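As structure tokens, here come the structures.
There are two complexes below, and they share subunit A, which is joined by subunit B in the first and by subunit C in the second.
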Partner chain A sequence: MKITICIGSSCHLKGSRQVVEGLQNLVAKHNLKDVVELEGTFCMGKCQTGVNVTVDGEFYSVTPDGVETFFETTVLPRIK
Partner chain B sequence: MRKNNLCADIGYMSINHVGENLCGDHVEVVETDENTTVIVLADGLGSGVKASILSTLTSKIISTMIAAGLKLEEAVETIAATLPVCKDRGVAYSTFTIIRITGNERAEIIQYDNPKSILLRNGENYELPVTVSEIGGKKIIRSEVALKENDLFIAMSDGVEHAGVGIKYNFGWKRDDIIDFMQTFYHIGFTAKTLTKILLDEVNRLYDGKPGDDATVCTVRIRSRVPVNLLFGPPSVREDGRKMMSLFFSKEGKHIVCGGTTSTIAADYLGKTLRPNLDFFDPEIPPTAEIEGVDLVTEGVITINRVLEYARNYLADNSSYEEWSSKKDGASRISRMLFEEATDINFFVGRAVNPAHQNPNLPINFNIKMTLVDELSKCLVKMGKKIKVSYF
Partner chain C sequence: MRKFDTKIQHLKYKVLRSVARHAWNDDLLQSITDIPKEIMPGKEPTMRCCVYKERAILAERVKIAMGGDKNNPNVIEVIDIACDDCPASGYYVTDTCRGCIAHRCEDVCPKHALTFDEHQKAHIDKSLCINCGKCAAACPYNAINNRKRPCENACKVKAISAGPDGSASISNEKCISCGACVYMCPFGAITDKSFILDVIDMIKKSEGNSRYKVYAVVAPSIASQFTYAKLGQVVTGIEKLGFHHAVEAALGADMVAYGEARELAEKGFLTSSCCPAFVSHVQKKYPKLAEHVSHNLSPAAMIAKYIKSTDPTCRIVFIGPCTAKKMEFRLEHVRPYIDSVITFEELQALFDSKDIDITTLNEGVLDNASYYGRIFARSGGLSDAVVEALKEQNIDFEVKPVACDGIEQCNAALLKAQVGKLDGNFIEGMACVGGCIGGAGCLTHGPKNKADVDAYGKEAMEKTISDAISIYNIGNK
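Entry: the complex of A and B
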């Protein structure tokens, strides 16, 4: 599974660092380093909805506070 | 036409006599034409307001006269004849060192009562040949030398040699001690400004942080020219993208690409993949990316804004040096390339308005981008860089 996080200017200001670090921690915690590939990207052209994240090409908007919920409701079910 | 590929990197700084707000030393740098640079370091007698006025006057008179095309001898004569000799102490009010660099080929050093300037060549002390003459009853020491790459000149006011008198040393540290000290840093490739700060920090330390005299250092490093090119922002007309890219990538020297959309266009043009990293070396600066064939790829506005902060600090007291000189984030890396490596910088600035950035809730917008380029160029000019900005 590939998760891509936008690290462009706009998403950066909306907290992409926290989202990246949050996902990195959660992936490590669940021992999913071999299953989930984290990747950065520059602007996805949807700055209004940032922080923009895609999971295998599918768009999601994630806030720094909502990383854990996003991981539990979107990422984990896709793996199992 | 430049005769060789050399240029002079000039850096100077002062520390004030303890308790004084004004410095009694003054440095003036004038580029009289494409080929000639004149540096004057003047030290007014005493400290505080009087000394400050005298040294400013001296350096301004000399540099202005030379800039106006008068001969160095005439300027020195005027100064030597004009400067009054203090009744009580029997010495002139302001001493000076003039370094004139012509065509990046020769340096002429004229000194009046300042500590003898030092030249380090290939890391070793090179004693400058001197001729002594008397102009207006004042003993003027004169040297001339053909320049070589990596020559390092160190001019100073006597406050540097007096450092540590009665504290760390009985009679201050000697010229040889200063040479020894600076030889250590010769080969590292520090800029003139950094070398100046290293020496002055040591002087301040020897004074126990309470300088007994104004101390000024001016270093001149002869180095070869290095061009660096920086691309920032997509062009206002989308179709101009390829033109902008071909002009940018045809330039000699290193290439830095700033901005998300910009780097996508650059990667397309080169037919290479854009690979963003996810390492946050600095929590506030977005990660860098990689494109084969580009030396550095970074985010745009936030990164450049930090570079501007570092540039302003560098021109002031350079206290952020330890941050940008070693860190791996995009802003620090751009700073090192622009402040230390480059002598000639070409900016390729795209004027496209990023719709995503026009959100009033975001602290970035089009005007800020243009202002950033203007302000950064100004700072770089003050660092002695040759700047060219092209807009697309």
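Entry: the complex of A and C
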């Protein structure tokens, strides 16, 4: 599974670094390093809805506070 | 508010704007010969002896705006017919000489080149004079002047001399493409080649960033530029031109500071590698010191490399204050990352070629780097960043930076380093006085530039280098 996090200016200001760190920790905690590939990209062109994240190409809007919920409701079910 | 420092810049800008306008309209080839008349209509000359000479020079400027002489590897080029063949006779006595009786000029002259006529007025025997300038410094009336060409005066690496026909001639073996002469020549006879056509072509062929994306990597010295508008408006303007997104070169600077700190601690002595004119100078004049130049890429190349790792088919254009960057991006180790380079001057011309009035635009955002990455734009910033990077990485190394402001100070430090007498272990080499904010491709240069860069640095959301570059390791944690 590939999760791409937008690290363009707008998403960066909305907390993309915190989203990245949150996902990195959760991936590590769930031992999913071999399953989930994290990567960054500069601007997905949807600055209004940032922080933008795609999971295998599908768009999601994630806030730094909502990383855990996002991981549990979107990422984990896709793996199982 | 002023857009440019000089009328020469404005003239150059008008040519670039015209060339760009026709390029966007796909009618450049048909219009090339009309551009000089578009810019200089009417029968009366405004700058030179006649309109025909003005237009002939404009035609040369058009060529340079389109990339210039392909056989000349240097991006800095002389327009010989625009050169005024300024007198360069060296020291001479003006009529301010009072014919005094002290004759301090005579006393200090090591070559006994001064003679006096029946009115006690001084004369310099040019066959003896070595242009040391001691007489000029000694004269209490400032009656002795040095007649030196502005280009030669600006060129601190001594790459310019009068050619066989009297016009300025650049030695590519010595030239570091810093652009100091470009900015200083009062006739605009030396100028930097432009790659705006490549950039326009890149944007057009991207078909609205659908075939591939075109990124702009923007130098932090932008904080002191486009002062008639807000930085956010410049960013929106860049995107309106057709760029997919603008990214701060300063994030590359954060990465460089981190790497350079480690390299310095490992090697014990290092010079920076950020300024391509400085690096070129070391290679050309101090080849023995070349191994001590940091092996890190420059900030622009570093961030470009990273962007290409996230988007391998993309194209990257560096936008900055620097003419030497136009040499750097064609080097073998940089070519894979940076596809073209334009200056702030050229960016202004591109905006206006598409009638984009940035003052009317919404404010976009540009925020990727930390304070430390951003202050690379001014002299001393890189040293501060390396000190911080050592601290953040808990590296126990006592750094003693020598921040060289301008190529003359670089020369002094390099000379000492060559004989092992430098009081320091890290040379921050910046060819332009003030650092990048003094670059020849800037629209304006002013006393507030440094403060502008520092203020911009403080606005960065990320306060530490480590936080700013944490995204660099996104997948490897």
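Assume the second predicted complex is superposed on the first by the 80 of 80 C-alpha atoms of A that agree within 3 Å, B and C clash if a C-alpha of one lies under 4 Å from a C-alpha of the other, contacts with A are read in each partner's own complex, and residues count from 1 in each chain.
The criterion applied here is as follows: contacts are C-beta pairs under 8 Å (C-beta built on N, C-alpha and C of every residue); 3 or more make two chains touch, one makes a residue touch a chain.
This structure is a prediction, so every number in the text was calculated from the model and none was measured.
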Touched partner set for A:A28, first subunit B, second subunit C, both or neither: second
What is the contact status of A:V75 with respect to subunit B (first) and subunit C (second): first, second, both, or neither? neither
Determine, under the contact definition given at the top, whether A:E37 touches first (subunit B), second (subunit C), both, or neither. second
Contacts for A:V62 in the overlay, against subunit B (first) and subunit C (second): which applies, first, second, both or neither? neither
After the superposition on A, what does A:V51 contact: first (subunit B), second (subunit C), both or neither? neither
With both complexes overlaid on chain A, does A:V19 touch subunit B (first), subunit C (second), both or neither? neither
Considering only the touch criterion stated at the top, classify A:I7 as touching first (subunit B), second (subunit C), both, or neither. both
Following superposition on chain A, which residues of subunit A contact subunit B and also contact subunit C? 5, 7-10, 12-13, 16-17, 20-21, 24, 38-43, 45
Please name which positions on subunit A make contact with subunit C in the complex. 5, 7-10, 12-13, 16-17, 20-21, 24, 28, 37-43, 45
Per the touch rule, the subunit A residues reaching subunit B in their complex are 5, 7-10, 12-13, 16-17, 20-21, 24, 38-43, 45, 47-48
For the complex, give me every residue of subunit B touching subunit A. 259-261, 263-264, 274, 276-278, 280, 283, 286-287, 289, 299-302, 355-357, 359, 362-364
Note: in the complex, subunit C contacts subunit A through residues 215, 235, 244-248, 307, 310-311, 364-368, 461-462, 467, 470-471, 474-475, 477
